[in-house]
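Below: one structure, written as structure tokens.
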Amino acid sequence: MDLTFASISEIAEAVQSRKLSAVEAVSHFQKRIDSLDGRLNSFIAKNEHALKDAEAIDARIARGENVGVLAGVPFGIKDMFCTKGLKTTAGSKILENFIPPYDATAVARLKNAGAIVMGKLNQDEFAMGSSNETSYFGAVKNPWNLDCVPGGSSGGSAAAQAARLVAGTVGTDTGGSIRQPASFCGIVGVKPTYGRISRYGIIAFASSLDQAGPMVSTVRDAALTLEVMCGFDPHDSTTSQKNVPAWSKNLDADMKGLKVGLIKEYMRGSLHPDVQKTVDNSIETLKKLGAEIVEISVPMTEFAVPVYYLVCASEASSNLARYDGVKYGYRASFKNLSAVELEEFYGRTRGEGFGSEVKRRIMLGTYCLSSGYYDAYYNKAGQVRRLMTNQYLEAFKKCDVILSPVTTAPAFKIGERISDPLAMYLNDIFTTSTNLAGLPGMSVPFGMSQEGLPIGVQLTASHFEEQKMLNVALALENASSVKGQKPHVV
Amino acid sequence: MIDKKTLEHIARLARLQISDEEAQAYSDQLGKALGHFEQIAKINTAGVEPLVTPTEIEAYWREDVVAQEYSAEEMTANAPERAGNLFKVPPVV
Amino acid sequence: MSYRGYEPVIGIEIHVQLSTSTKIFSSESTSFSASDNENTSPVSVGMPGSLPVLNKKAVEYSIKTGLALGCEINRKSIFARKNYFYPDLPKGYQISQYDQPLCENGRVTFKVDGVEKTVTIARAHMEEDAGKSNHHGEYTLINYNRAGIPLLEVVSGPDIRSPAEAAEYARTIRQIVRYLDVCDGNLEEGSLRCDCNVSVRKEGATQFGTKVEIKNINSFRFVEKAIEYEIERQIDALERGEKIIQETRLWDPDKNRTFSMRTKEDAQDYRYFPDPDLLPVLVSEDMIARFRRELPELPIARALRFQEEHALPEYDASVLTTEKALADYYEATAQECKNYKAASNWIMTEVLRELKAAGKEIQDATIKPVQLGKMIALIDKGEISGKIAKTVFQEMWASGKDPETIIKEKGLVQVSDPAVIEKIIDEVLSANTQSVEDYKSGKKKNLFGFFVGAVMKASKGQANPEIVNKILQEKLK
């Protein structure tokens, strides 16, 4: 078995049946990380105990234990997830040396299923960005073209997965941060329904939008990993008590009779020709497989970007107030603590500890919530959000799954958009509405640009209907012409 | 453009000490962004209740049973400065 | 009381610390005596990724308190974030309730100097407590044990018109929460905290004056003093032609004055918005009905019942219902002896006196209600006299033994046999023939008391005084 390109389930089965040891799996990927990550910068911290963890898994299997469906599988974890005893930074200077005393629930679930944490993956600072250029720990390179961004904010996860430095990764998605980098790097990225995966231990960006999810190489691996991560958590009041279906077992690529919706409002804009071609091809493919294409209307998607930024900046401005140099994290240095005024203590700590995109969004959010502006900005955005969600739910009465582009263009060059925040924000035009409505969404690789950059197709389903979305993704994956293509850096 | 006074007020509310260059940059960028976002004002939202949690989630309330899982040492281990197990900060008036 | 032609307008915000076992949003203990930061978790220290999960008991206690205050319980209420920076606030925001609180529109009625007063309760909402700052001159040390303890903030309408009313209002709230057993109401320890809003206006004016908030009041006495001081201060200022600044002032108990707290004049903008980590608090009809059923009889209703059903005077009823435990003690005693007035008297005089001397609470009384009731029954049956009972009581208090046991051990049974008494009387009279002659001749009428005393002494106090009187009178005709 070529470990580098093995699927998660292949590795897990091999480890559990002792055809492969967890130690071998970990050593294999550790070598790859050591030799290749220098060019990508996808890792912030490595788990020094990975081999020991692998030994423990092997020992338990030797004793006859069933360790779990992710037995011995090396995983990379985005640095937004708290990992007990392992530095967790959210890509920020303000948490540069923070060592959490606890695991995020999602991480604990992965570990309980036998996964091995290889390290923490680079990301845009506090998940604010679409290119992984705002990280305090430096930009991440796209394995398909080192001059290009991998996307963001889960850029490290996408790059590490695409370059097969690990067998699986997880990321977080607030406005597209799993789907967009997955598309830019040619991997599968899934954001489940809001409430499926516990947010406990995941550093909060925007509480009503954040969701974690797998960023892996195949649809089946995504379904498997999703099943492990999802489920009610008594530590998170916003998790659903609904049962987690056996998505991976029930994957079915039979598209006959399935209704695929196309949002007519999305047809108005112009796409990069290669993206247009990829989307068109995917529609043709599904038609050939027996799916019915339906036009649907979600007019409020026109306002997705404004509503998204007003909501997420407001929530973030409050969520990031806890980074104050008191309990943990960075504290500005002062000659004489006893002479420092509180306002300066906070002001310098936060001014120095946060990067500029984070500060920009905190300012924006503070402004939107402030007296005199709350009604016009935050409250209004919340109202439009409800209208948008209602429209989506209406649309899902007419179709099973919505198909759309992930972005207007493939991965752009590093440095190209970073100096124009609004231009960067407008990138998110196709992904943010999914988070606003709490819908499950995913990106599956389906095309390639002329320059050899991957292009994904986005699928969205109604609340808790992940199976439908995964099924269509599987059908597309099976028919994809880019399946099996490998990035430059591998 | 957001005027200087407003920007200073917001920065103070958010406890962010920013340089003059940063202030100028934010003023331009935020002004531009808000200018774009203002388009939602024209949408008719009369009688619509704002949406916070986008999915139907069943309420879950905890039983009042003690579960003491962390020691004071663990909780203060990351403190930038501490005295014993207390967090140390500048003198608060 | 007249305030130089001005009328004081006072509103009070009381923070009731609910006596749940765990914090409002996390499972650590709320125990008072824990070592530094022992009662903490990632949630109460505001660590990255931590999330709040609501304690159902906090909801129960809050609803019960709202019902006891006559409030409407909102079927849907929302937790909102109150955003500001302070070291004792770990998340940089407090989870509270803003425009959709749990309880609204209640009222309490109480008496001040015999006059009935009703104060409206504008609202009562749930929120979390902050940590504690210990100031050490050169630096401050923060302890988050208290951070996250559930609070119910009870806000009165601006209906209070005097310092005495304010103190009585606060006492009434305290009494109610103690009756419900949702809070121990300890002002010194901070489980009940009063902030007072004071303004003045010319008598007859309809607009409110500028209100000033006063904090750091930790006794009912200080409630009165602080408000009194502030009223005078504001009137003085207005008389000088000055404007009242809307601000927060602290009460200084050493200097007996309020002083200004805020140095910067930046009005706080808390930027309230619904907390996206918590769902709306949805309360069902069934839940409210169940909590209403579980409410104990409240002090005012109970005192009224004592007056109407037990024929107790208003004063007695009021004293006995100050604390629920005391009222329970009284009723248990009365149930045993069926003599309401006697039970009331013995408790109000003897029991309360002993408790005060020993610095104890009624819960720690060494005499159980049943025992006291039995003792009273023995008096009523004539087995001991009221005077002997006092001795029995002292013995019971000291030893905790039953009255029957003590009477037996000390041989204190009252003698009511006329033959026995007559014998003693004969002995006394024959030993004092001169006095008998003096009495009979009408010279010294007050000798009757002397004869009674002598008989009582001869009988070691056990002779039934009524029978002694009757027979003596017969003999001395």
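All chains are identified by letter, namely A, B and C, in their written order; residue positions are counted from 1 within each chain.
We take it that contacts are C-beta pairs under 8 Å (C-beta built on N, C-alpha and C of every residue); 3 or more make two chains touch, one makes a residue touch a chain.
What you see is a predicted model; the values in this text were computed from it and never measured.
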*By C-alpha centroids, what is the most central chain here?*
B
*What pair of chains has the most C-beta pairs in contact?*
A-B
*Measuring from the mean C-alpha position of chain B to the mean C-alpha position of chain C, what distance in angstrom results?*
41
*Which whole number of Å gives the spacing of the CA centres of chain A and chain B?*
22
_Centre-of-Cα separation between chain C and chain A, whole angstrom_ = 56
*Return the residues of chain A touching two or more other chains; collapse runs of consecutive numbers into ranges.*
98, 101-102, 208, 234, 237-238, 321, 324, 326-328, 337-338, 342, 346, 366, 370
_Where in chain B do residues touch two or more of the other chains?_
12-13, 15, 50, 52-53, 57, 59-60, 62, 70, 75-76, 87-92
*Taking each residue of chain C in turn, which ones touch at least two of the other chains?*
42, 45, 53-54, 85-87, 137-139, 142, 269, 271, 276, 279
_Under the stated contact criterion, what part of chain A meets chain C in this complex?_
81-82, 88, 90, 95, 98, 100-102, 104, 199-204, 206-208, 234-238, 314-315, 318, 320-322, 324, 326-328, 337-338, 342, 346, 366, 369-371, 374, 378
_Taking the touch rule as given, give the residues of chain C at its contact with chain B in the complex, in rising order._
20-22, 27-29, 35-42, 45, 53-59, 85-87, 133-144, 263, 266, 269, 271, 274, 276, 279, 281-282
*Once bound in the complex, which stretches of chain A touch chain B?*
97-99, 101-102, 193-195, 208, 232, 234, 237-241, 300, 303, 305-307, 309-310, 317, 321, 324-331, 334, 337-348, 350-352, 354, 356, 359-360, 362-364, 366-367, 370, 376-377, 379-387, 389, 421-422, 425, 435-439, 463-464
*What residues on chain C touch chain A, complex-wise?*
42, 45-54, 81, 83, 85-87, 90-93, 137-139, 142, 269, 271, 273, 275-279
*Tell me, which parts of chain B touch chain A in their complex?*
2, 6-7, 10-18, 22, 25-26, 29-30, 32-34, 36-41, 43, 45, 48-60, 62, 70, 74-81, 87-92
